[in-house]
Amino acid sequence: MPVAKFKRLKPSYGFDEVAIVPGDVTINPEQTNIELKIGSVTLGIPILASAMDGVVDVNFAILLSKLGGLAVLHLEGVQTRYDNPAEVLAEIAAAPNARVTALLQKVYQAPIKENLIGDRIRAIKKAGAVCAVTVLPANTKKFTPLIVEAGADILVVASTVTTARHISKSYRGLIFSELCQSVNIPVVVGNCVSYTACLELMQTGVSGILVGVGPGAACTSREVLGVGVPQITATIDCAAARDTYLKKSGRYVPIITDGGFKKGGDFCKAIAAGADGVMLGSVFAQAKEAPGHGYHWGMATPNPVLPRGTRIKVGTTAPLKQILFGPTSLTDGTQNFVGALKTAMGFCGASTIKEMHKAEMVIAPSITTEGKSWQLAGLRA
Amino acid sequence: MPVAKFKRLKPSYGFDEVAIVPGDVTINPEQTNIELKIGSVTLGIPILASAMDGVVDVNFAILLSKLGGLAVLHLEGVQTRYDNPAEVLAEIAAAPNARVTALLQKVYQAPIKENLIGDRIRAIKKAGAVCAVTVLPANTKKFTPLIVEAGADILVVASTVTTARHISKSYRGLIFSELCQSVNIPVVVGNCVSYTACLELMQTGVSGILVGVGPGAACTSREVLGVGVPQITATIDCAAARDTYLKKSGRYVPIITDGGFKKGGDFCKAIAAGADGVMLGSVFAQAKEAPGHGYHWGMATPNPVLPRGTRIKVGTTAPLKQILFGPTSLTDGTQNFVGALKTAMGFCGASTIKEMHKAEMVIAPSITTEGKSWQLAGLRA
Amino acid sequence: MPVAKFKRLKPSYGFDEVAIVPGDVTINPEQTNIELKIGSVTLGIPILASAMDGVVDVNFAILLSKLGGLAVLHLEGVQTRYDNPAEVLAEIAAAPNARVTALLQKVYQAPIKENLIGDRIRAIKKAGAVCAVTVLPANTKKFTPLIVEAGADILVVASTVTTARHISKSYRGLIFSELCQSVNIPVVVGNCVSYTACLELMQTGVSGILVGVGPGAACTSREVLGVGVPQITATIDCAAARDTYLKKSGRYVPIITDGGFKKGGDFCKAIAAGADGVMLGSVFAQAKEAPGHGYHWGMATPNPVLPRGTRIKVGTTAPLKQILFGPTSLTDGTQNFVGALKTAMGFCGASTIKEMHKAEMVIAPSITTEGKSWQLAGLRA
Amino acid sequence: MPVAKFKRLKPSYGFDEVAIVPGDVTINPEQTNIELKIGSVTLGIPILASAMDGVVDVNFAILLSKLGGLAVLHLEGVQTRYDNPAEVLAEIAAAPNARVTALLQKVYQAPIKENLIGDRIRAIKKAGAVCAVTVLPANTKKFTPLIVEAGADILVVASTVTTARHISKSYRGLIFSELCQSVNIPVVVGNCVSYTACLELMQTGVSGILVGVGPGAACTSREVLGVGVPQITATIDCAAARDTYLKKSGRYVPIITDGGFKKGGDFCKAIAAGADGVMLGSVFAQAKEAPGHGYHWGMATPNPVLPRGTRIKVGTTAPLKQILFGPTSLTDGTQNFVGALKTAMGFCGASTIKEMHKAEMVIAPSITTEGKSWQLAGLRA
């Protein structure tokens, strides 16, 4: 009888299951450099804002660019379906939980007005900001000329799962290598989570990869589809693909871990795991300047047949600048993300993001153990 | 002194501990084929309904068959003990928790009326539906002629744990190879959870295997007996038995993972782990058409001496068609099971169930980690 | 520089982390034999009652013996310190939580009345029951003559941790080999949890070993001292010692897993892990006939300087006979322990306890996962 | 294509995930010796009090020294910033949670009065107590002459993470080897958590190492920075460094596990994992004599830009002497730490701390499993 073959399951880890080990050398946080380069664009801080309608509008994009980061505007959301998206956003914020998915399904059935694509991009550029926009793969070929013409700096092509090889009878699949050659701005693609899928995407010539399927606060892919990989493992695997590709091609393609972040500690862990940058959704949805009025929802939520996300209330906590740079009196890690990264890099003796990639990490019990029950009790007292 | 031999414990995993990794190729969900073949019977969707009295009656069986699936009617439950089972089912639904086990123990002591066996089967067949029925091993020889004569399409012989070799002094054990040769319809047997037990059952000539001991929502075998194997591991092990048997015999015997499903994601994970189909209990007990009025209980619950199950209230949430195919505004994975599977297969580039068996899987922290606390808070807000 | 040596940590498992895999053969539960032999004494069922004052008094010992099991009476508790222990037990039951440890500390400072040792033993023997009693190691030499003379059948020498080699300046350590040679009744010793400690104890000539440090419901050794090993691992390790010793000496010394049991499933798992019998405390404290009035506390609780235990309220749920043999309408595993073991053995095709030792086991997620949330919700509804 | 290199994650463990295995020999607790030597100073019990303002003031230091332990006074906290620190401490205790971080940030901006450094040290020495004080690395060179001159016995140089090689442009890093040669009292340095970092620190000539980053009850480094290693793993790794260094140099440098302790069991586990001593914060903050009025906060909490800690309410439970030596009526391990260690050492047959380092340990499920739910229910009853 032949030898039986059992399916192998590989362990995987998320932010809450790991921790960073301090290094043998320490360095002053002020001496760290945390720049992120995406193609020809250099960002002062390695932080992007998710292309989600509760997070990014024109004003938010301008503000985050001035602070050194980069917001990505979704061109298939309310910003291009409505002349006055603020009205719609207010309506979404006001809807009760029981009715909100149905409302979102309705709101997102309004057609995209192509003229608004250019309008939104030009508004961002006019303010002197770096402009990045997202389209879905199916509409990329149609919208790209408008996007490039309006002056966008970075094109993000993203869906829940994107691969270099998509099979479809209904339309000829988007060929990323053709896209990269035809546009003169950096193309960022996502999302992916595995070594091979990431490597194949890099080989098409893209300038950046979004990493993450399933982890986001407003995403329910894991429940609905069972599909997803926890972010630390996804980041480690895609970082290995980046390093393999670099050795082979000489070209460094940054990976941006996208989704699931709650605290500065999560941000530091993603970088230590190998990310060149991160993309924050629910964290930024809490900013005073976020368009969602303290609400946040995924772009797969409005799917009329199989919604995979939900609107969540994150509240409005502080100005964007304070979330990024402090100062803060909160001790739970929800503010001063940049200070957290620089301090953690200092503890690891890392003066650059690439050095931070070498930091040791451990699989560690969640921070709710080891004496932390006092803390919770204390906070309630 | 001889070398000590310590008992080895093998790790095992359930739905909540694993996740599916997207593939390197993606495919349009519309291009997937999810048929399930059991002997000569082909089902459009690989979903069976559990032979449990709160889930399946004649009407439910007819409806599910029309929708492409297959309901299994239990021939040793209320459907054959009572001329008017609806009355008894209403009584069970109305009983308070404290008294329901005692009531179930009483209800199931009524004798089986053999004439009802034929009546129920004929009612299903008359409506043009595929008809599958379950009997316990001890009564199989007695009831099989009635079942075959009435025109059933599939015979399911099932108990908590079934093996090819049962030892009993009180009655000559059921010999599955004899049974398979004597009846002209496919025989499905269960339940089992291990490689060797599954392989031995396949070697008897059966046409399908039910996989699962202990996981069901209405089952307490794990508490009462300590016996059971989490469903992902059970499925992986039995899938390896199927593949071994196929190589040896050339015959493909589908395995059907039975019990413990709550969400579409669980369904997708079972298929990715190697299942050819699944059997849903509590999920279908929530259908508007389920006979249990939103209540669900296991067939081991009424055991007069050692009840191993309990009646649970699952509520009535939607029509069966919507649970299977959507559309839905729920984002928690409890509706549109078929859409979920097709989407997950698309993300894995699998155009058939057998291709989906090759999807990579990871051991992943439960979906309650990684930023999901927002979600819960949001849902309550 | 020399190679660094890091302390190794070995994984260990308790009842809630494992499950039993059904076998390739099944057997009718009625055909199983579950006898336990301790030296010359044969018990019909492999279940002992803990030598704890809320569990065992003379009446309880008589009743359990008639039902086939064996209760162990503690000779250094209230039964020998008070002519009328029932009064003291009522006082303990009536004390509020905040004051009960102080009360226990006071109650157990009353001196042991040596005449009561013989009285209690004779009362049990007069009823025709098998009589087992416990003493602490320090008092074993002093009390043993009284115990043997009064006619006890089994002598249990037990403390939190007992080894074959105890070092003390204040008294000459108890030598178990001398004890076993000097008394003509079986000596059971405990508690231990490791292979080597158990093996050394067996080599002294004892007739049984109690296995378990730290797991009991009324024990807080893990919190106070950090000392303890989860019961499945402790049982596996001590079973390996028993098998090693059997091969070497030809003598079979049963091991009795003591502490931490809540449900029939736990009992079955201990047997599958290698136990020849089990010792139940809190389970029996719930019996109508238990002397503790629904309360339960450990014998280390009254320690005046470092109490390591607590009084817990377990409630009074059913007669002892029903807890052991059913019938029951409870589906949570708290009743019909004997039926549970016989059924589990049937599912594993084991006709004897020794065959059950060969059952496969898996490390399995707790039974709170996989669809069980319905159950809890249902029970509350 | 080159072979991919994936980042490796090493498992790590905290107090709640491990347990101590009793030994093959047992010993009377009275025969154990638990001395700790730090350079020329010998402590009767291996317990230090954290240099935290809610824990240690002059009076507390005198008392703990008389009881055999050692309190470390922080010279950069309220004791040297305020002539009358008691006033400030009362103000902190009275502040509501929402305002306390801001208050702490303000309180700790008052300048250090250098004259108070000498005053505090002399007050401790005058009472005949051993005096240990803490300074941050940046101020070590400036304050050391004052400290030595005032007669301190031990100098502790500590910050969240300290390495032998710190890189800074703004000041010339502290060279520990120079410091150790220039002062005539033992220098203790911390904190560190890894083998290599600990080994490098030992090679500078220091007399003791503090082990622990992130675990403390009042510390939120894990949330804010993602940095930290659970204490059992940190202790095992640093103990290996100590043993390596001892073999190479012949010098024994004790390691002191600092932070995260709640119960006597945690203390025993740290020692069994390899610690020579421990440093307690929140445990001592509960003492009647602690200056914090039942409140406790970390010294990183007042950081004006990135606070990494929080004030927690621990309450005031008992005199220091009772926390250390009992007697107690509490059974949860929060009192009689010394009795717990001596009893645990007795169970492991260890007569000295170094022998206790050889105790076996297991990775064990948290003590909340295995029948412990009764306990909680009982305590609430």
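Order of writing sets the labels: A, B, C and D. Residues in every chain begin at 1.
Assume a residue touches a chain if its C-beta (ideal position, glycine included) is under 8 Å from a C-beta of that chain, and two chains touch if they have at least 3 such contacts.
The structure presented is a predicted model; accordingly, all values stated were derived computationally and were not measured.
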item	value
Fraction-based call for chain B against chain A, same above half, different below	different
Angular offset of chain A relative to chain D [C-alpha, multiple of 5 degrees]	90
Gap in Å, rounded to a whole number, between the CA centres of chain B and chain A	39
Centroid distance [mean C-alpha coordinates] between chain D and chain B, Å	55
Per-residue overlap in chain B, given as positions that touch at least 2 other chains	13, 15
Touch-based graph of the chains, sorted into line, ring, star, complete or other	ring
Every chain pair in contact, whichever chains are involved	A-B, A-D, B-C, C-D
Chain B contact footprint on chain A (complex, rising order)	1-2, 4-7, 9-17, 97, 101-102, 105, 160-170, 192-194, 196-197, 200, 213-218, 220, 222-231, 233, 259-262, 282, 296, 301, 304-314, 366
Touch list for chain D against partner chain C, complex	13, 15, 18-28, 30-31, 195, 232, 236-237, 239-241, 243-244, 247-248, 263-269, 272-274, 326-333, 336, 339-340, 343-344, 347-349, 351, 357, 360-365, 367, 369-375, 377-379, 381
